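In what follows, chain A forms one complex with chain B and a second complex with chain C.
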Partner chain A sequence: MAQITITVEDIASSVPDKKIKLLKFAGQLDESNVDDKAKEIYSIIDAVPQGLFLIFDFEKLEYMNSKSIGYLTDWYSKLSEKKGGILIANARPNITDILQVVGITQLVPCVGSVDEAKIAVMK
Partner chain B sequence: MDQPQEKPEPVKITITLPTNAYFMSGIRDFTLSMIKNMTNFSEQWAYRFQSVVDELCNNAIEHGSNTKQEIKVSFINYPGDSVEIVVEDSGTGKTKMKAADLQKIVAERSKPGYPFTEIRGRGLAKIVAAWTDELQFEDLANGGLKVKVKKYLKNPALSVPSPSMSGAPDHIVLTI
Partner chain C sequence: MSSWFPAIASTILAAFPVIIWIEIIHREGEEKSLYIKTFLLGTLAVIPPFILIWLFDRYPQLDIYSEINSTVEQIALAALLTNIVVGIIEELAKNVIVRVVDKRHPEYFQTITSALKLSLCAGLGFAFAENIFYFYNVWTNPSFGYGDLFSTFIFRSLFTMAGHMLFSGIFGYYFGVGKFASDITEFARWEGREFSFARWIAKITGKMTYQVVREFKNLTGLLLAMGLHAAFNVSLDLEHKLPSILIVVFGAAYIAYLLQTKSGHLLFSIGKRRSSTMASRDQDVVMELLGMWTREGKYMEVIQICDRLLARDPDNNVVKLFRAKAGDNQELKHFYTTLKDVFRDEEKGLKAAGGGAAAQTVLLPMQDEKVVLELMDQWYREGKYKQALDVANRLLERNPNSQGAKVLLDKAMDREKLRRMFDALSKLFTD
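The block that comes next holds the complex of A and B.
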């Protein structure tokens, strides 16, 4: 079975109506684990009523399948409805490649580092 | 006078696995290693094949075969020409589909701007169809489905020649 860990950190925000969390992914997101992990992300989204921005640090994410991408678009939609969003940082070339072919990079911004993502959120 | 060079024989590897996504990380590792070590496709394409195989097998596991059944995945390397991947299910899954149904679904979902509203449904149309040159569905006599994809090495940009790829395949590394 593929292993995946997601660690969550709060990031100090200089913008009062924006709450930022950094989620670090390590391992592989696939059919064997994505449904369970998705529940954890939905809990984080549901716990904040407005203005939540999630920065996904994909530096150590080795693989994601189409279902993971389906969840990603759903999380993005839910956060956008509540004036929030998602940014992806540090994705490996194979991850960027699959996000691009599915067309998600037109929806969810992908940046080179977590610092860039923080700056983009706090603009 | 030079003798005409014989075309290298295709190399076929078939793996049968239980209907359980638990085993897919091993199949992905195998795919990556096989494409890198046995073909002239670049590393980028090794990762792409990894996704193609994963998506095809997941569909066969989720829709095509009941638990306690098996699916079969075959890799056929035509040296210097193409790689073919064939995935077969047993037709015992919860959502029975015919080859024609799947062809219709893929054609529909491959249209630009198709509105995906579900978590699932992007694998075949957005990944497998985009990263292969041929995608064929075939009904099997046992009620199952055979999905065959092929990618040609016709574009030189797809390949990165390696000294170890000049002759017969030398090794495959399996990481368990």
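The block that comes next holds the complex of A and C.
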């Protein structure tokens, strides 16, 4: 079973109606763990009624399978409905490559660092 | 009168429908010479059955037909067994022609549709050669008159020729699928199909799974062709024309459907392929996602991903297949949604009218009208005139100025009248 850890941090927001959380991924998201981890992320999304922005720090994410991309689009849809969103930071070239081909980068901005992501959210 | 005259005249008679059928098969931009060559080769497919007849004549102990007739008492069973043999021999002969053309000119078979169309031509060639003998026999037999010749000409040019073409066409489709089995099997694997039996056979025989799938497809096509051929002949031998007519009508509709699928027209890259600019493991993730979203019915997303992936891996046949299938499925989905909307809106309209309020006609948007017209056109071409008529009437209630609906309504009405007349006639024959 592949290892994946996701740590969640709250980030102070200067915009009152925006709530920001930083999720740091380390390891590999694959068939063996993606469903369990997805549930955790759904519970984070469900806990905030409006304006939640998630910054996914993919610096230490080595691999994501197709199912995790499916979940990513679903999280994006759920958050968009609640006037929130997702930003991806620090993704490795291979993961950015996959996300670009799949077209996720047209919906979810991919930026070079967590700081850039924070600035983008607070605009 | 010279003894050659009936032979020449029969050949000319048999050639008339060929010209029309080839025109129907041929599409602008396609090389007609390919069809003509395959048609001519198809005429050679009558040789093996004639050799067999000659052999049976010379060595009666080998004559399987008289063996069946002398041992089987039930007429229907004897007809069935005889025609199974006929189906096997004739379809095998046509099948060999298709395989020979593919072996000599693999460049002719670059799409499933081209395999199907060339098989249609091989079947046409066989039917043409067979027709010459039938016309000649009727012409030279003093017990038949010109009326018999005319009815034989009409029936054999329309139904028997169409029958031979569609039996071969069905084989051709499976032959095409089998030809590209390597890509099609991989595509199916990404879609989540297991091929357990084929894998097991491959393990036993030491072949690749796709090679086993190819043989399965060829065998399926051949068995279907033989089965339909036998059923068609049995129906005629027992003088029940309706089943044979139904076989031809439904078979033709199926062939027409296969001919217009996007996946059928997909040009498979053969020979040297350009390599992908995406890492193999990453591409696998995308392929897996394509399979997943195809199963979930996210066809638009699949098409978009395929377009982006093809920019990175232009010769990937599996991605092309995903795109083509998604296109086909998207169209079907659109048809159903639009139709559902038409029915739902109509129901609403009826309820409003029933409630005493003046029912307001809501115009169907032009885009949706186009979809409905396309469906009607498809039904019209498939011979589903009644359905086309119903929808045309409903569409005209919504969009009274729709020229397309008016034209199709008129055409469908004419055809429906003809169909009813034909049904009545065939009932008369059957009774």
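By definition in this document, the second predicted complex is superposed on the first by the 123 of 123 C-alpha atoms of A that agree within 3 Å, B and C clash if a C-alpha of one lies under 4 Å from a C-alpha of the other, contacts with A are read in each partner's own complex, and residues count from 1 in each chain.
The rule is simple: a residue touches a chain if its C-beta (ideal position, glycine included) is under 8 Å from a C-beta of that chain, and two chains touch if they have at least 3 such contacts.
Keep in mind that what you see is a predicted model, and the values were worked out from it rather than measured.
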Legend entry - Fit or clash between chain C and chain B when superposed on chain A: clash
Inset, instruction - Check the residue A:I20 against both partner chains and state whether it touches chain B (first), chain C (second), both, or neither. - result: neither
Inset, instruction - Have a look at where A:N94 lands relative to chain B and chain C in the superposition and call it first, second, both or neither. - result: both
Inset, instruction - Have a look at where A:A2 lands relative to chain B and chain C in the superposition and call it first, second, both or neither. - result: first
Inset, instruction - Answer with first, second, both or neither: which of chain B and chain C does A:D74 touch in the superposed model? - result: first
Inset, instruction - Return first, second, both or neither, reflecting whether A:Q28 touches chain B, chain C, both chains, or no partner chain. - result: first
Inset, instruction - Using the superposition on chain A described above, determine whether A:L61 touches chain B (first), chain C (second), both, or neither. - result: neither
Legend entry - Greater residue coverage of chain A in the superposed arrangement, chain B or chain C: B
Inset, instruction - Give the one stretch of chain C, out of 115-123, 277-285 or 331-339, that collides with chain B after superposing. - result: 277-285
Legend entry - On chain A, positions contacted by chain B and by chain C: 63, 65-67, 69-70, 94, 97-98, 101-103
Inset, instruction - Please name which positions on chain B make contact with chain A in the complex. - result: 21-22, 24-25, 28, 44, 47-48, 50-51, 54-55, 58, 61-62, 116, 118-123, 126-127, 130-131
Legend entry - Touching residues on chain A, where the partner in the complex is chain C: 63-67, 69-70, 94, 97-98, 100-103
Legend entry - Touch list for chain C against partner chain A, complex: 278-279, 281-282, 285-289, 291-293, 301, 304-305, 308-309, 312
Legend entry - chain B contact footprint on chain A (complex, rising order): 1-2, 28, 30-32, 63, 65-67, 69-71, 73-74, 93-94, 97-98, 101-103
